[in-house]
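As written, the chains take the letters A, B, C and D, and residue 1 is the first residue of each chain.
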C-alpha cells in the first residue's frame, strides 16, 4: 500500500511523558512498528500471509515535532450529531492540557463555518474545568454544522491568524476531505499545521477502520425503538411496527439492532436490493406473515430501497454535498397501507423514526472508553507532527490511517458473509426478496 | 349529586376474604362510607364545607352478589396503547383467582371487536401462569383496537353465550360509553352482568378522577424526547428542537414533562390559544430568542393550535368517533421553516415525534403499584355486584364513580391556576402569545 | 387543633407576582382558606364530617412581610442523602431570584455545621447559573451532615451576622427540631428571621404529610435490587436473595418496592413483629418454601426485627441523636445460614444492601416536579413572613404545617389496613409469623 | 504451537446449511484457514511476522460429523452468574433447532451437579418457545452451581444414558477443566461426545481470548456504583466513596469502569501492589487529597491487596477449588477509618459492594450480539465433531481454542502497558504507592 503518513518535519523534542511517567524507551511507539491488515494464513503456510497492507501504530512518540507547552490547538466538530462527540473533545483537552502541558485550546463553533469570520461564531477557549463533565451529555458543546468548506483559503487564513499548530477535526467523509485539503494547502503555504482527524460516522461505514465511535450507542438506542415497534405490532390486529434507522449507504445499525433484539421480521439495508411487488416481494411475504402471525416488525435503514422510490425531479444534495435520500420510511408506510387497503385487509401500521433520539444520546460506557482513547491517540499524533491522517482501530490496536485511504471507499455489509447470515437467521426473512427474472 | 352506583341486586354471599385474612367487619368497606369531593373550608367556618358531591369508597365488601368461585370474568382493553395495561390485566387475574377463587377468566382479543364472532378473534383463557410476568412488558397481551361497538347487541349476545358475570373494560371515553351501554342493555335483558371500568387515558384528562394510570410513565418517557430536542437544538446554529407530545384536549403530559426537565422554552397546549404571526405571536418571540440565545426548544401537545390549521375539506373521525386532529407538529415545523426562510435566517429545526415510544413503554414502579391496586378494586366492585361504574382515585382514596359522571366532562389545564403559572415560570415564555386586538 | 402557623408580623408589601403575572386577587391564596384533614362522611350525613383539624393552604400571598428584593436567604441540607435535594435547592434559588427578585442566596455547607464558623466551611453564593443543571445529579451540591446543633446560639449568631432573613432547612426530624429552636430563639432575640422547612425523609414517615420527596425515587431504585435478588435466587440451588432496604421505623420503601415488583416472598417491616424460630417462624416457612420452589426472596427494612437482635452493651446514637440500629440484614443472613447448616441443607444466600446506590440516585421525573413545587411554596411562605413551619402535601394540595405538629409523631404502616393486605397478597406470606403463645 | 483441535472422527454428512441458505463452498470455513495470534511487523520486514501461534477459525463446516437431525444436545451453566448466560443458552437452542434441525436439547440444572442423579435435579427440555424471551432477563434459567466434578464417572454415565452427543459447557476455569476431563474420558470410553465450551469469566481474564461475554455489561453496571460513590463522597465533609468490584486475579472491570466514568481517584487492582502505610502509601495520599479536595473515590478489585490482609489460619477454597479471597473492601474500610480516627480527622466513608447487582444484570446490546454469535459458533463446532475446545474471539474473528491452551494462563493487566497508563491518567493517582526500600 503506497499511502504513508505525512509528517511536518524532523522530531527533536523529548516527550514530557518521558519524565512524567518514568517511561523508558520501550514504552513509546516507534514508527517502524506496524500491524498487518490481513491476519489470515492458509494451510498453516506462512507464505500465504498477506503483508502488503500494514498500518502504522498510533501511540506516544519519544520525540515530538512541537514544543508541547507552546502548542495552540483547535478542535472542530462537523456534520450530524453522534454519541461520544463530547467524550472526544474532553479527552483531547485533558490529554493536551495535563499530559503535554499544551494549555491553549480553541473550540471552533458550528463546524468549519466557525473558521469563517464572516459567520460571526467566535471560538471558545477550552479548559479542563469547562470540559470535565461534558461526557455525561449527548451532542457537542461546540455545536456542529455541515459544509463550510467553500472558502478553503479563508479557513486557513483564520487558522494561521489564530496561530493554530494542531487542528483536530471530528467528522465524516466530507469533513475529512476538507481536513485533507486544509492539511495540504497549509503545507504548501509552509505552515506548521498538523491536521489530525477522528473519523465520525454513526453508521460505522469507514473502510480500514473496524469501529467508529458512537456506533454501539446508536444501535443500543435503536434497540429501544424496535422494542416499541414490537409492542405496538402485537397490540393491534394485523399490527405492523415499522422502524426507520440511520444507514445511508451501509445497514450496520439496522443489522446490529436486529441481532441484539430478536423481534424484527424483515430488515432492509442499502446493500441488499429488494422488491415490493410480485410473489417474492416484501408485500407478499408480509401478507403471508400477517395471515399466520397477525403482527410484524420491519426495520429499514434510511438508504435502503432508494431505487424503488420514484425519482421526481433532480437529485438534491445537502450542504456537505451528500445526496439527499428520499424518505424510505414514509414511502414504505404508504406502499404497505395502500397494498392492504386494496385487498380490504385491515392493518394497523405504526411508524417510528427515532433518529434524533438516537444520535443525541450520551455514549454508552464502552463508547466512552473508546472516545477517550481516540482523543489521547489524536494528541499523540499531533504532537509528533503527523498530519493528514485519522486515528483508526484495527484488530484492537489504534492505528494511523492516511485520510486518503480512510475515505477511499465505504465499508458495507457483505451479503454473502456469515455476519449477514446471522442477521437472516435472526429475522427468518427470505435470503432474497427479488423476483426471479 | 344525583348519580349513584348501580347494583345488580341484594348481596348475601359472605366474602371469602373474611376467612382468608382473618378480617373482622371493620376491615370491609361499607357503602355508607363516602368521601368529600371538595375539601376546602373558608375562614375556618364548617358551614362552608361543600358536601353535595361525595364519592362511594372502593374496597372489599363483606357480602358479595356473586358466588365467587363460580364467577366467569372477561377482560377487554380498548383504544391506543397506554403504559400499565398489562399490570391492570395481571392484577385482575391474580385478585380474581387467588383471593376470590374465580378461576374462569377470559381475555377478549383486540377490544370490543373480540366480542364480535364475525371478526374471528377467539378469546384466550387467562391464568396466573400466563400473566405472572406480563407487567414487565409494555402494551397489552390481549391486543387492543378502537370502535367495535356498532353492533352492541352482538357483543352482549357473545357475553351471554360465554356466561360472563363480570366484564372489566379498560379504555377511554368511547370505551366507557360502550361499557355504559352494555351495562344497561344487559340489565334490561335481565342478565346478571356487572360491568366495571378502569379508565384509561394517557392524557390524564378524566374529570372527577385525580390520576389515570400510565400518565406518569408517559411524561417520564417524554422527558427523554425533550432532552434529545435540547441536545439537538444546542448542537447546530439556530437550532430548534420541536417535540410533539400526546394531549388531544388537555396538555397535561406536555406541561408535566416541561416541569420535570427545565429545558423547554415554549410549551403549547390545547387549553391556551396562541398565534403565530404578529408582534406577540410565537414566531416573533422565537426569532428574538434565537437572536439572543441561538437555540430553542418547543414542546407542543397534539391538540394545540388546531384553530390555526387551515381546515381543508370535512372533519375526519377515527373508528372510536374521535375527531382526527391535524398534525400540529408538522404544521408548526413548516410554518417556522418558511418564516425564517423568508427572513434569510438559517435555522436547523429537528422535529421529534416520540408518540409510540412513549405509549408502548412498560409502567414505571409508581404506575405499576397504581395499576395493581386499580385491578384489585375493580374485582372487589364486580364481586359485590356493582355495575356501570369505573374505579377512580380521589384524594388518595380509591372510589366508585358512575360512568356517566366520569365521562360527563374532560379535565383540562386551568390557564389561571398556580399549576399553569409553575409551567410558565419553568419555560419563561410570555403568559400569552395572542396579539391584542 | 391548637397549632397555628407563626408569622413574623404584619404584611404590607405588595407581591411582585401581582404585576409580573398580571394576577388578580383571586390568584393569591388567603390565609383564611384551609383544607380538611379528614375527608370522610358517614351515611351521607354532613354532621359526620370531622373539621377539627385543618391545614393552612400554601401558595403565594398578595402581601409580603419582606421587601423581596432586599431579602437575604440561606439554604441548608442536613442528614443523609435523599433523591431530589438538588431539585429543591434549585427551585428555591430560581423562585427567589426570578420571581421575587431576591438575589442574595447563601448555600450553607455540610448541614448546620456550616453555620458554625469553627468548622471552617464557608458558605457559597448560589445563583441561577450555578444551580441550573444540578437537578440532573443525585446528592446535594451543598454537602450535608448530621447534628451540628449543639451550639445553637452560635448558629443564630452566624445567621444574624450574615443578615439572613429566610432560612430554608431541608432535613428530617432532628433537623426540624433544630429549625424549630432556631425559629423561636431568633424570635425571642427580636430577629426578623423566617425559618421554613422542607421535610426530608426517604422513608416517607412524616405524619400529617402524605408524601415526602425522594421516596418514589427510592422505592423505584429498590425495585432493581429486588430484581437482582430474584435473579440470584433462581440461579442457584436453594437460592435465597436477601435485600435490606431503608426504613428505620416505617417499612414504606420495602412495602412499595414489593408491590411494584412482585418477586418478593417475605417482606419484613418494623411495624409487624415476626419470629425466627418455631413452627410459625420465618425460618420454618422459608424451609418449606425452599422444599417446594427451591428459591426465595426476602426483603427486610432496616428497622425490622430489632427486638430479635441480642443487644450487647448500651444503645448507641448517631450525631443526630437517632438510635443506631443493629444490622438486621447481616443478622438475618447469619441466622438463616446457620439454620440450614444445622439441617445439612445446602443453600445459596446472596445478600444485597443497595442503600447508598438508592439514596444517591437523581430524582425520577415525578419527584423532580414535586421538589420543584416544594421549593416554590417554601419561598412563598418565607416571603410572607411565615416561620417555624414546613411545607407539606395533603390530598394533593400544598400545605403549611407547624413544625411541632409535623414532628409530633411518625407515620407508620397500619398492619390492619388495606394497604398492608395488598402487600401480603403480593408476597403470599402468612399474615403473621409469630407463634401462638 | 503444538495444541491442535481434537475431533471425533471423519466428517461425511453434508451440512443442512448448504441447501437452506443456498451457500456455496466458499461460504463454509475450512479447517486449513487459520489466523495469526501476533499481528505486528517490525520495520516493514515480513520476516518479522510471528506465525508460530495461529488459531483455527470457527464457523460452519461443509461436512459434519453428526447426522444433525438425530443429535441430542445438553447445555450446562456453571459457577457464578454472569450477564449473557441466557443469551448463550437461547442461541444454542435456536441454532441447533432451526438451522441444524437438532430438536432434542436438554438443559442441565445447577451446573455439573445436575448430571449427578443423586442430587435429584432432573434436566429440562429446551425448545424455541421456552427460550425465546429469556435473553431479556439476567441470570440463567438453568440455574448454576460451583463444583460437582468430584464424581466424574457418574457425570459421564449420565451423559451416556441420556444419549448426549454434544455437551455445551458454559463456565470458567474450573468448569473448563471439568469439560476437558469429560471430553477425554468420554473419548477413551469410545463415546461419540463432543464437548464444546463457551468460556465465562466476568473478569475478562482468559488468555488467548480477547473478550469474554458479560464483561462489558459488568463494567457498564459498575459505572453506576462509581457514580453513587462519587455523589456520596461529595455529599459529606471528607466524604470517601469506596467501591469494591469483581476481579479476583485481574482488575479489568475496575480499570474499565474507571476509564468510562472519570470520577475515581484511586483504583487498586491485583496486578499492581500497593502499601497502606508510609509516605507513599495509600493512606497518606488519601489524607493529602482530603485536605485539598474534601472528598475521594476509591475503586478496589476484590483480588487487590491480598498480601496486605493478615492471613489468619489456613487458606480456604470454594467448591470450584478457587482460593477464597479475604474481603479487601471491608479491610480497607476499617484501615481507613482507624487511620483517620487516630488523627482525629472526621471522615464519612460510604462502602458500596454492588457485586450481585452487577452479575445479575441482563446483557447490554453489544454483549447480546456477542453471546448470540458465541452460541452459533459453538453449535457449528459441535456438529462438525470438534471436541475439547472453547469458542474464542481474536482480532474480531471467532476462533477454536483447545481447552488446555485456554486455561493455561490468565490474562492480566500489564502495569507497563499504555492501557494502564490511560487508567493512571484518568485517576491522577501516583504510578506507584509502594514506599522505596
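Criterion: a residue touches a chain if its C-beta (ideal position, glycine included) is under 8 Å from a C-beta of that chain, and two chains touch if they have at least 3 such contacts.
Here the structure is a predicted model, which is why all the values come from computation and not from measurement.
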Q. Can you list every chain in contact with both subunit A and subunit B?
A. none
Q. How far is the middle of subunit B from the middle of subunit C, if each middle is the mean of its Cα atoms, in Å?
A. 30
(Q) Averaging over Cα atoms per chain, report the distance between subunit A and subunit C in Å. (A) 47
Q | Touching two or more other chains - residues of subunit B | A | none
Q.
By the document's touch rule, what are all the touching chain pairs in this structure?
A. A-B, A-D, B-C, C-D
Q) Which part of subunit C faces subunit B closely enough to touch in the complex? A) 21-22, 26-27, 32-36, 39-44, 46, 49, 51, 54, 59-60, 94-95, 98-99, 132, 135, 210, 216, 219-220, 223, 256-257, 259-262, 364-366, 368-369, 372-373, 376, 395-397, 416, 418, 421-422, 424-426, 431
**Q.** Footprint of subunit B on subunit A - complex, ascending
**A.** 81, 109-110, 113, 119, 121, 137-141, 143-145, 224-225, 227-229, 231-232, 234-237, 239, 241, 348, 350, 352-354, 356-357, 360-361
